[in-house]
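Each of the next two complexes has chain A plus one more chain, namely chain B in the first and chain C in the second.
On to the complex of A and B.
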């Protein structure tokens, strides 16, 4: 998670208005979902990879690793789509496993292929967005889209607190591990339980201290912070137009 | 299909399952970006919307009554997120991550959890590339609505009738399990089996994901009991302020 956050802050188009980056990702996701064809999915993947690597200068390996995060879910659920299981004998091609019949068909394989490419294309678009845009910029984008203020407030607080709590978590884990707290499954479970409770206390007390210090500085209402001055790039529009046109063309051509 | 092809198919399936079970700590099951067709994605957003509205209203009310709730809930969201990054040993020997919804529901209530859980899901999509934006409605329904409701029903229903540890265990384990069952149902609704229809597909997805999700539910149940016991002895005052334990 630190990797994604780090590149979100250090990539070459970090200063670009989040609305432009979000717009590009949204075009890709919507067209990829709506057209629902393997060629469109592959093309979206290619587009997003190129934009992230060539435009935003995110290393190709990082982009690939972020995509791999979803591999377990994707493989398991594709298995579910591609295979049919039945108690009654299935038409060929099928294998019998005890009382069960395990089979597949041309249609379900085609379905699995479509899903695979579509999910990869959409995930690539999401990854392009999160690898180039820090979460705070995305929250700022949501604020502009008139998401309720309470929600915006909770999200920015949560984001800022996550890293503080993660650091506590790591310190406590190290302390426990050096005292052999994880030398066996049961002991590891007990240590994790203790860790969870201390983490809760940490979060609770931090919120009280923060409340006190903010109140003494006159907090009354939502926490306001200034957004960054974003750069708007005219190229983003052209890229968006080219992206939409190429996806639509490939979608219509088939 | 001839003998050789059959053997290859079996080997491929077994290898895929092995890779997935052993590869990395198992996360709770979130539907990935782009996996749901547009209509189903929209459907789950509409179904979850009332819970978000109710949850947000309750949070707004709480903030007016007690202004410190704002910061407390912000930290609570971060706590739930970080808890889901905690690695715990799984009963099968590999390790897994808890969802934290059972504990969160016991501590903060189901309506608040529908909002906090959704924020956690959104952050998992945006910081871990796990889950998605178009599937947020479906994932929120299974993890931030269904799971907390089950946990709450058990927590309220069994209180003073069963030992505390059993109540906590069941609330957390069944919240986790119901999340997985609902997600399987969501996948089955979107992709019914060619011959078995919705039920066939539901059983299929349920079985495939049971390999990682059932041990995870049991682990989360045990972990939550341990956390709750530790909280009981270390943080009694805080639990009373939150209204988790009765009496002030």
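On to the complex of A and C.
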């Protein structure tokens, strides 16, 4: 969370209009899903990696680590597609595990590959977006897209609260740890439970103080703030066109 | 000369509390004053400030801003909040946006100003509080002192005539505290009145023209700081010799 946030605020295209960055990611995701071919998925991954690393100057390692964090979920769901489990004997290639047969087939493997590359391409596109665009800018983009104000307010307050509560959490954990709250698994469990309930109370009190401070600054209905300024880059259009063309070409080639 | 902010005989009891928080507290502030509000924990300093901003409504007594009694309607409250700004003790309670610019812009946007004027005020307030170079940073990347100055800028962008600052110098290092007091001095030079609630008695003595002493829900003395600190009984009351 922190590392993604850090690069989102410090990358080389931070100032770029989120509509442009979001547009690029959206093109990639739509084509990746619509063309549904392993080559397209892999190419999307390549594109997004290149954009994030070369254009936004996010370290390759960071991009890779974000993908690696998502990979286990992807692989777990693929197991169900690639493998079939049955009580009746399965045709080869299959293995018998006691009463169960574990097998696979060329079709299911092909299906799994397609799913895997497609999901990987989409995940890469989203990673490009979140590693180059702070959540703040994404919320601003949604505001411009006329998402209801209540939702926007909820999102921006939640995003801010994450960091405030994270600080509270760290303070409370330290306070418990200095009094040996985490010496031993049972005590640790009890401390964590206490921490949870205290954090809830803390959040509640904070929300009341926040309400007061917002009122003192003239709160009336939705949270009205200045729209943020962004830089628009003509290159983004060319990149978008090249991205779409290359994905379509690879998709049509087969 | 009419007073800028008058709190007259305010009484208040928090719901569910047996003790009254304010028992006839009165305070009168004039333009361009530096006033320190001192007194023990629980004496009613914060409660008094919440009344001055219309966040709490007294059960008896009156709040007047520039001679006009505070009207507790939406419009009346907006009018008082335009004139009287409140800075809270913990900036994390005040900063609601992850964007420094957007947070500072919140107050002026609520005043219904146009975008260009809001932008101008945000930059002006940020410059006054020395946070201009932080405008593009996310709120959670700021230090405590920076957050406080951003919170202060958020109030100043509404160009209030009175600033109520509740314990804002607590937890700051001497340099940061000095910087905050310097910002207050700039405001006072522009005719703004600053009321600073504080336990930092040496800062109160050096910085303030007037010191108001609170005890058990009342303002028991208001006088030039030398007079307050020269009075043995008052010194005992505010713990000046502890």
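Here is the rule we go by: the second predicted complex is superposed on the first by the 254 of 254 C-alpha atoms of A that agree within 3 Å, B and C clash if a C-alpha of one lies under 4 Å from a C-alpha of the other, contacts with A are read in each partner's own complex, and residues count from 1 in each chain.
Here, a contact is a pair of C-beta atoms (placed from the backbone, for glycine too) under 8 Å apart; a residue touches a chain by one contact, two chains touch by 3 or more.
What you see is a predicted model, and the numbers here were worked out from it, not measured in a lab.
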Broader residue contact with chain A after superposition on the shared chain, chain B or chain C: B
Which of chain B and chain C A:136 touches, first, second, both or neither: second
Which superposed partner A:85 touches (first chain B, second chain C, both, neither): first
Which of chain B and chain C A:64 touches, first, second, both or neither: neither
Touching partner for A:210 - first (chain B), second (chain C), both, neither: both
Partner chain(s) touched by A:46 [first = chain B, second = chain C, both, neither]: neither
Chain B versus chain C as contact partner of A:148, first or second or both or neither: first
Partner chain(s) touched by A:228 [first = chain B, second = chain C, both, neither]: second
Touching partner for A:218 - first (chain B), second (chain C), both, neither: second
First, second, both or neither for A:9, with chain B first and chain C second: second
Doubly contacted residues of chain A, that is, touched by chain B and again by chain C: 5, 135, 156-157, 159-160, 164, 206, 210, 214, 220
Residue ranges of chain B in contact with chain A within the complex: 1, 5-6, 9-10, 13, 16-17, 19-20, 23-24, 26, 29-35, 37-38, 41, 56, 59-60, 63, 67-68, 70-79, 81-83, 85-89, 93, 103, 107, 115-116, 119-120, 122-123, 125-130, 132-134, 187, 191, 193-196, 200-201, 203-205, 207-209, 212, 219, 222-223, 225-231, 234-235, 238
Contacting residues of chain A [partner chain C, same complex]: 5, 9, 134-136, 156-157, 159-160, 163-164, 167, 206, 209-210, 212-220, 223-228
Residues on chain A engaged by chain B in the complex (per definition of touch): 1, 4-5, 29, 32-34, 36, 66-67, 69-77, 79-81, 83-86, 90, 92-95, 102, 105, 107-108, 111, 115, 118-123, 125-127, 130, 135, 138, 148, 150-151, 153-162, 164-166, 169, 185, 188-190, 192-201, 203-204, 206-208, 210-211, 214, 220, 222
Chain C residues touching chain A - in the complex, by the definition given at the top: 50, 53, 55, 74, 77-78, 81-82, 85-86, 88, 90, 92-99, 101-103, 105-107, 109-111, 115, 118-119, 122, 137-141, 154-155, 158
